[in-house]
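Notes for the one structure printed next.
Naming follows writing order (A, B, C, D, E, F, G, H, I and J), and every chain is counted from residue 1.
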Amino acid sequence: MPDATLLEAFPAPSDTPFVIEHISEEFTSVCPKTGHPDFGDVLLRYQPKAAKDGGVCVELKSLKLYYQSFRNEGIFYEAVTNQIRDDLVRLMDPVWLQIVTIWKGRGGIKSNIRADHGDVPAHFRGR
Amino acid sequence: MPDATLLEAFPAPSDTPFVIEHISEEFTSVCPKTGHPDFGDVLLRYQPKAAKDGGVCVELKSLKLYYQSFRNEGIFYEAVTNQIRDDLVRLMDPVWLQIVTIWKGRGGIKSNIRADHGDVPAHFRGR
Amino acid sequence: MPDATLLEAFPAPSDTPFVIEHISEEFTSVCPKTGHPDFGDVLLRYQPKAAKDGGVCVELKSLKLYYQSFRNEGIFYEAVTNQIRDDLVRLMDPVWLQIVTIWKGRGGIKSNIRADHGDVPAHFRGR
Amino acid sequence: MPDATLLEAFPAPSDTPFVIEHISEEFTSVCPKTGHPDFGDVLLRYQPKAAKDGGVCVELKSLKLYYQSFRNEGIFYEAVTNQIRDDLVRLMDPVWLQIVTIWKGRGGIKSNIRADHGDVPAHFRGR
Amino acid sequence: MPDATLLEAFPAPSDTPFVIEHISEEFTSVCPKTGHPDFGDVLLRYQPKAAKDGGVCVELKSLKLYYQSFRNEGIFYEAVTNQIRDDLVRLMDPVWLQIVTIWKGRGGIKSNIRADHGDVPAHFRGR
Amino acid sequence: MPDATLLEAFPAPSDTPFVIEHISEEFTSVCPKTGHPDFGDVLLRYQPKAAKDGGVCVELKSLKLYYQSFRNEGIFYEAVTNQIRDDLVRLMDPVWLQIVTIWKGRGGIKSNIRADHGDVPAHFRGR
Amino acid sequence: MPDATLLEAFPAPSDTPFVIEHISEEFTSVCPKTGHPDFGDVLLRYQPKAAKDGGVCVELKSLKLYYQSFRNEGIFYEAVTNQIRDDLVRLMDPVWLQIVTIWKGRGGIKSNIRADHGDVPAHFRGR
Amino acid sequence: MPDATLLEAFPAPSDTPFVIEHISEEFTSVCPKTGHPDFGDVLLRYQPKAAKDGGVCVELKSLKLYYQSFRNEGIFYEAVTNQIRDDLVRLMDPVWLQIVTIWKGRGGIKSNIRADHGDVPAHFRGR
Amino acid sequence: MPDATLLEAFPAPSDTPFVIEHISEEFTSVCPKTGHPDFGDVLLRYQPKAAKDGGVCVELKSLKLYYQSFRNEGIFYEAVTNQIRDDLVRLMDPVWLQIVTIWKGRGGIKSNIRADHGDVPAHFRGR
Amino acid sequence: MPDATLLEAFPAPSDTPFVIEHISEEFTSVCPKTGHPDFGDVLLRYQPKAAKDGGVCVELKSLKLYYQSFRNEGIFYEAVTNQIRDDLVRLMDPVWLQIVTIWKGRGGIKSNIRADHGDVPAHFRGR
């Protein structure tokens, strides 16, 4: 089941603001209603706090293991998206953070969910 | 014929604002003028009200059945778009909502119709 | 329901062999098991008999109306494909004919069905 | 020759603002300098006035016939674009309207012409 | 109307066999049934006879003018394809020649017509 | 774990030979070496025996459930491919059958495995 | 060598503001350092002054000949871009004008240069 | 190891502001954790100071050699991005500068890092 | 002007047969009729003789300089293709060799020319 | 430097013939002439001997490490391709094996090298 304790962080490498994107193309969980697996991409985009303010970044391999912990969890699209946002905000306390989940079609309908934390710049909002 | 009573909603999963997109690639209705079928995609994008304010989301399977209820209806592109917007606004009373219908060509002309409700953020307007 | 009497033919325009393809991107029928609509493309490819041998070609608008007659029919992928092949062979008695149906995904699985009549040239077989 | 009397309108279906796009991929006219045919796409995008204010929409088939009336006309890219804008503005008196013509290459140069009427929203301007 | 006298030829530049393709993306004629214009690509592929055997090639600009002469002709897809093949065979008497016409959709159906002359090599047959 | 008893078959709908493709884009199993999940597409292509000879086809939903039974199995690419081929051959005893598995990259290397049964026609071999 | 006297202009066709794009996909010059040819696309985008204010547009064929005059000139990417902007501004004195040159790779690095004149609207700036 | 002394600059060619992009598709360094090579694209975008203010541009070949100096360096994605930005800012002191690194997938996750210097215009921010 | 003396060869690296392709995307010559430049890709594909039989390969940089020598030559598509084939056959005396030139459109018509030497394997013939 | 001792094999999983493809998109070596790095894809395709005949398959991670051992080696395209083929044939003694290397452009020319061992089936030859 989803396990936020898998997540690890490392200190942000500079005081200058920058933006990090990690796009996982191999996310899977289980639909709690039908029991069938769901498949999707997870886009994480965030600006860490400056190094001097104690800013941290999520470590890539730990992020992968955290995503894998959803594999056999029965959980809806919206809940996945909100939980990932909340777990990563708790880990990093970033300047801002954005999660977009992009799900393969079910019954001819494809779904995307976007959840923001903090003041996501306008130029990233609709992407 | 189009049947809004097929639509079901579930409570929004959080108080934090987020945005949901459902893209149906299997919409069909009938042209009231020629009697020939029309085919198109329907993009629904909206921000539900916060959970604490009684916000709700449309349930995915009910949305699919609602779309299927247009299958043998004689109805113009513009009317389809406005009706879907109005039915979904009535169901969810969302912060904002956007419908874009993207129709396959007729006589060498492809048509897209965009109908908004509430204050759709600028970064979603032209997409 | 599927109605082969809608199909019309016109005399082949020459004695020289040639090949005709009609690709319909707007085919829909109904799954007899779930009652949900199926959507797909239908590729028809054939070589009419020579004009001097009484060869005929299917008229394009009648083909479209014939395809539309499957709209509310509950019928499986394989049966659709075989029926279209048989109806068109009966209409035209062509040198050879090939039907490929290309279905949108159901439950994460996309299906294609190929049905041949007569001696389809090798270079069209796997396409 | 271009014939604006072919254009027909129907009443806008609602008071709520919405946006209509019609993309013709089969436009052709004749270069007045060389006598060779020009080929292009014509994108029409507009917001009709509200129904209660007498808003109207251009009827799709009449638009197609109007475009066909340029077929044998000797006329430059810029003049085509301006004339279509002016004829449609005269027909519909819309809130705003945008024409983009996208021409196939001539001598290794492709051309696009954009002509606006009224206050086209920023998010449509550069598209 | 289609005018084969516009076609000009020049002597094949060598005795070594080679293959020439000309793909016109700007072909238009008129549907004799509806009076609406048809648009398509025309692919010409051929092997000229060797220079020593009096082989000739079609001149590119004359080919363009010949294609333009179909602009206002009411003529079916199949007849266009056969006529172009026959006119070019008459002009060049090539080792083999192939015409493929690729038409934009009508009523949701796209059509391709292939007409061969002589012994078109197998590796070009299905392309 | 992989469970071939989930597979169901139905009688082939005709005596005329035809070819069926099912492409699953949502296959996942687990690497037995690293414990990390593997993701891939599974292409099944086969020709059932004729109806009169007792030919059968695999039922689509049962195929999906069978594929899902690999979800938490530790198994190599090659073994997945061979096992699916063998299980389906046992179920259907088809004229010929082909499995192609197309795996997402691992360490910068993408892998495809092809396993055939019977006399797969040459035009499908390399696809 | 680059020859701005090749450029010709014609009067702007209207007083209503509009925007013109010409995209040349066949630009070539010579690297002054290595002597090797450079290849690229040149995008010209501008808004002519209104007709009543003496606005003019660059004539398309003269633009092509002007571009061809760079063919054997040894000149850097940045200088090409600035010179084209300056020559066209001098010719047309437009409301605003933008040149983007898009160069094929050299040593694994692709380069784009953007040069503006006047107040290029924000929605064209980053395109 | 990364060697900023390889970088060379030349005077900006004009006082008019313009924007330069160099996209390297052949960047490689080494992951300090695993010892495996990383591969990515590096996008550099900047506006040099005006010529009269002593503005300079980075010379293309020296940029290539500088990028090659990372080839056998063990260094994280974030550090690569920040170091390139800092080295190029030190070389050119530009009006603004942006580095985007686009890395090939590791363990099913693709990463992009964006680092800005100065006031990067909004229309380049999210690209 | 085209200069075959620029071409250099090096000994084939093995006795085992193998196939080499070089695709130049930056070829340009001049149309002898109009004086306008032509642009195209040149695909060279060949099998060198075995090392033990004195087989040689064309050196890549010399090939580039040879292609550049056509830059200001007035020469037709067909002649370019035949000359490149003949010059390279003379240089290398390969087992077989194939030249395909792929030209950008002129007057809406794109052209490809294929010229073979020796027994080009069937699977390369139509590509 | 290239180190074939890094390669490891495991027993083929069955007696039934099957085909394995591994596509590495992250290959790099060094041009021995210029000292600049080369980048390319390496496609390996082979049919192992049957298990009962002692057939083996190359282990994926060892293949990756073997490819990485070329990273700082000065070696030509043709030699890379032949060496990889020879090293893998020595390791596996397969029924047949094919290496295709696909190199990024140098000086505007892209190169592909194909080297076969044994009787590669015709349908894989030109791919």
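The working rule: a contact is a pair of C-beta atoms (placed from the backbone, for glycine too) under 8 Å apart; a residue touches a chain by one contact, two chains touch by 3 or more.
Since this is a predicted model, take the numbers as computed values, not measurements.
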item: Listed pair (A-F, F-J or H-J) duplicating the C-E contact set, over half by residue number; value: F-J
item: Between H-J and F-J, the pair with more C-beta contacts; value: F-J
item: Inter-chain centre distance, chain B versus chain J - centres from mean C-alpha coordinates, in Å; value: 51
item: Intercentroid distance (Cα basis), chain E paired with chain A, Å; value: 55
item: Chain E and chain I: spacing of chain centres that average the CA atoms, whole Å; value: 27
item: Chain centre separation (chain D, chain E; CA means) in Å; value: 33
item: Overlap residues in chain H, where contacts from two or more other chains coincide; value: 25-26, 36, 39, 104-105, 107-108, 122-123
item: Partner chain B, residues of chain D touching it in the complex; value: 12-14, 16-26, 57, 60-61, 63-64, 121-124, 127
item: Complex interface listing, chain B residues touching chain E; value: 36, 39, 104-105, 107-108
item: Residue numbers on chain D that touch chain G, as the complex places them; value: 76, 78-79, 81-82, 85, 105-117, 122-123, 125-127
item: Contact set on chain H toward chain J in their complex; value: 25-26, 28, 36-37, 39, 68, 71-72, 104
